[in-house]
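Shared between the two complexes below is chain A, which pairs with chain B and chain C, respectively.
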Partner chain A sequence: MRMKTSRFGAFYLSLFFVILYLPVLGVILYSFNASPSTAQWTGFTLDWYRVLFEDRVIAASFRISMEVAVITSIVSAIIGTASAVVAMRATAGMKRAIQGVMILPLLIPEVALGIALLVFFNSLNLPFGHFTLVASHSLFCVPYVYIMVQLRLKEIDRSILESARDLGATRWQATKTIILPLVMPSIVTASLLALAMSLDDVIISTYMSGPKTTTLPVHIFSMMRVGVTPKVNALCTLILVGMFFVVGLSQLFTKKIHKEDM
Partner chain B sequence: MQTLKRNILAVPILVWLGLFVGIPLVFVFVLSFLSRDSLGTIVFQFTWENWQRVFDPIYLRVFRNSLLLAFLTGLVTIVVGYPVAYITSNLEPKKRALSIGLIMLPFWISSLLRTYGWMILLGNAGIINNVLRALGIIDKPLPMMYKFGTTLVGTAYMLIPFAIVAIFNSVDKLDRSLLEASYDLGANKRQTFFNITLPLTLPGIAGGFTLVFIPALGLFYVSDLLGGGNTIFLGNMINTQVTRGRNRPLAAAFSIAMIAVVLLVISIYGRIAKDDAEGLFL
Partner chain C sequence: MKQPLLSLVNINKYFGDFHVLKDISFDIEQGEFLTLLGPSGCGKTTLLRCIAGLESIHSGDILLNGSSIKDMAPNKRNVNTVFQNYALFPHLNVYDNIAYGPRVKKSMTEAELKERAANVLELVQMLGYEKRMPHQLSGGQRQRIAIARALINEPAILLLDEPLGALDLKLRKHMQTELAQLQKKTGTTFVYVTHDQEEALNMSDRIVVIDQGEVQQLGSPRDIYNNPVNLFVTTFIGDRNMMRVRVLETEATHSLVQFGENVVSIRNSGQHQLEVGREAVLAVHMDKMRVSCHEQPNALVGEVLSVHYSGSQIRIRVKVADRQITVVEYQKIDCECEKGDQVYVTWEDHGAILLPPEDGWAEGEV
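Showing the complex of A and B:
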């Protein structure tokens, strides 16, 4: 039985979404304001975007963030998917062990995990940079890939796998030809989410960046600390557009795969 | 032999996470008992000093601030988010999908942007003050930034999707015939909600609360940008000690204390939801 949504319910939900998206719209709107202050609207301009493109420091940190995010999402997709497949085949006890350690990074507040990694890498004398960033970002990205892939794995009909094995397929062949294609949409969505999370991380990156490898969010955070400037608005808007492009792409991809399924 | 074959591939995964999570945690724990010299270099000499400072009344206040913020964030996100999850689960399929999409979309929007958005809204020259002034309701800008409440709004806003998703999963699983039975037996809407719906969705509420509470303890950039450092929270305190104070052992002690709080909250969650921590995600 579904209850009809009351008028009040519809109103509440709409109000909630207005408040949810109002701050985001505010940021976008004021990126086009000619005045450097939000106090007044003095006309439409694209100047702040031009200023942005001339900023070398932002370009450099954007590049670092992209490199780290792409590598992180690939690494996370591989480790996360492998873990989910391994957990599916492992004994019940081992499966519990894998799941237990898998969610560990999600349960530790990021500051605490960040400090722990800082101390660890420091004592190993590892230089802070791409490696430390990717290694640390993977820690909170892999669990999400694992969760999304194993949700999909649960839905797979075990009898298909059994018949493949009966027909003489090796474990690896069965994985490659049956499991991987079936979970591919989940892997794609999950690795895009990993990309987004890596590109967005402020806390852990604060401790993992080296002197020449400041990531974009760490740089934006230091800009925001100074106060509101339309340049930050423009930058945030561009990131938002880029991210929505990625989400759209993943939606398209998932739909296409689903069509092929049928 | 068969068991070994099935489990052998799990070893690299356990080693990887052990190496990058387990060992670093042991390192921080050990560090919390070490000293440092005047330059901030760590000295391998045992001390209780860092832990004594954690329990110093001045620092206990930082703890209290953080616990209060995390608790209130959990409370606000549940109270505001519950109706959102409940209404969404009762919508017709098309609207329901749209609503779910709108709830999940913020996960893809930069968290700095979402925090910054509140600076644009609440600042003295911000949108809300501009509108109120234009309407002639106020002459002087209403000071809304850099308060405890500002940080609370920002933190709750950042984390509410987690709460809604957790509650939604549990509301959606609710057996609706139970509600019908309750109505048939003469209970009104209010009675049905408090006696059936709420107790049955309690695991979702506990899960949502936990998923919000944990990150709320450490989101230092939200309190930095919106709270302006007027109230000091654990996250800011740890961050400052590492980046500026150069007192890593103290930061380590606070981090371990923070993790202890998390473990406590998770065990409470386990009792309420009759589930272990994995139930939060899987």
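Showing the complex of A and C:
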């Protein structure tokens, strides 16, 4: 009986993953297809990658995406960590208030958030570009950093902080020498996540992009209007590889957290 | 007049509506081993945290060498704490843990620090462990490092919050001796919190018994063991038989009391006024009592209910006047009486004490 259930479970799980990942595998496969159509396989080629690297517009939007993502991950790491540390020391009521404000951007639908930001920045007469992109991306990345750092802070024994103060550390010294090193793996993991989310955002970036600052996902989205070319497949394959790399890195840091725990 | 090292002056503390510390006042002398003893939730740890500066007080004052420290941040007070769970910094090795205090205070050069760290590590017998991480140490070793980390700052007072609570029984006994020796060797004033009476009696110069946020008694271990001032201390410290008796007569040194059919003479402790004709509580240490089959003067007559042998001690339960009392005898190979025998229970004079009854006190074996 047990055997049967576990076999069914394994089958179900395999099916789940096949359905989930088969299309992704298709994208990778067709990026090496000599034929421009996805209807048939005519032979192996790296041509689409060559075409991709020669495309100046894609190169430019990739650069913009990377710049925005890196700055966003740094900005949200700082704001998210600082808020979590402040929340830890706040009174219960204050803590709830901070928590609420922090989680709010995750609850607002992105479309609504995008319009709100568009109207807001417009009324400030801010030019749309790097600044608006970083500001809006940070808005939805900060909550993730906050949540991850705050979870880690909860695990830290309060008496460790008390003992730092007791041994002569000022509040800031205790933060710098005890709290930050202990939460650092979480901060790194969270900023990698922020990097990934910023790189991959379409909806908000669509509103926030300026005429000369189109991010890569927005550009891909616009390329789709003329149909899926193998060039897009090649691009998506590269993005996938990059994402796996980032996620792998963050996994490495998560492992480090668990190793350090007593 | 000699100034006490630390004076607690009418300290009051509330957690919300809960009055945790009620008007606590006493002095701590230079170089002593003082223990705060009480049941869990009595406020002893809170009092320790108030001294350390980790909790604020609502009224009263804390004077260290005559000057008030009650509004000082914990990092400014010249006292250090050893926490129950050691609270070592998990990301720093033993040496960096010990060096933490001097480094944040910039109180010594790295060369001095190296020498002092070696000194304190030697004191706690942990030389050679400098490069270990806390998670590579056993509970007892972590405890030693926590103590060394506090001692390197040469605090005026070392505060210890149930430091042996997490250790197993054997190690706990061993660490008791070691802590007491360490205290004598360094001459540092120790304020030690525990709920374990044996620990307190073993290690302390003086004990402060605390219950429900109030100081019940302050005195030497011997004093507290033999002359408890009230029913709480009597029941909390030592194993005693408690009997409700009637006072028949009081004289200069002894009083005559009646328990069932028995009339016995009990010493006056001098602390309590007993009224003739009223009830009183007779408390006798179980291990200060003796059982004999032969008639004895000034004895309670009873019947043996059971005899238990457990290692070096014999526990004999005796029924006296419809009440059970327990007698613990040591250094005896065999009990001379058996179940059902009529016996005479006697006691060492100083092992018995008479107290006025308090409201809500129920007679029983404690």
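Annotations
Just so we're on the same page, the second predicted complex is superposed on the first by the 246 of 262 C-alpha atoms of A that agree within 3 Å, B and C clash if a C-alpha of one lies under 4 Å from a C-alpha of the other, contacts with A are read in each partner's own complex, and residues count from 1 in each chain.
Keep in mind that, in the parts below, a residue touches a chain if its C-beta (ideal position, glycine included) is under 8 Å from a C-beta of that chain, and two chains touch if they have at least 3 such contacts.
Please read all numbers here as calculations on a predicted model, not as lab measurements.
The superposition on chain A brings chain B alongside chain C with room for both. Chain A has more of its residues touched by B than by the other of chain B and chain C. When both complexes are overlaid on chain A, the residue A:9 reaches chain B alone and has no touch with chain C.
In the superposition on chain A, no contact is made by A:252 with either chain B or chain C. By the touch criterion defined above, A:100 reaches chain B but does not reach chain C. In the superposition on chain A, contact of A:168 is made with chain C only, not with chain B. In the superposed pair of complexes, A:17 makes contact with chain B only, with no contact to chain C.
In the superposed pair of complexes, A:157 makes contact with chain C only, with no contact to chain B. Fitting both structures onto chain A leaves chain B and chain C with a minimum C-alpha separation of 10 Å. Of the residues of chain A, not a single one touches chain B in one of the two structures and chain C in the other. Partner chain A is touched in their complex by these residues of chain C: 52-54, 73-75, 79-81, 83-85, 87-91, 100-101, 104-105, 107, 134-135, 149-150, 153. The touching residues of chain A, when paired with chain C in their complex, are 157, 159-160, 162-170, 173, 177-178, 181-182, 260-262. Note for the complex: chain A touches chain B at residues 1-5, 9-10, 12-13, 16-17, 20-24, 26-27, 30, 37-40, 79, 82-83, 86-87, 89-91, 94, 97-113, 115-120, 123, 135-136, 139, 143, 147, 150-151, 193, 196, 199-200, 202-203, 206-207, 217, 220-221, 224-225, 227-228, 232-233, 236, 239-240, 243-244, 246-247.
Interface residues of chain B, counted against chain A in their complex, comprise 3, 6-7, 9-10, 13-14, 16-18, 20-25, 27-28, 31, 80, 83-84, 87-88, 90-92, 99, 102, 105-121, 123, 125-127, 130, 157, 160, 176-177, 179-180, 214-215, 217-221, 224-225, 234-235, 238-239, 242-243, 248, 251-252, 255-256, 258-259, 262, 266, 277-278, 280-282.
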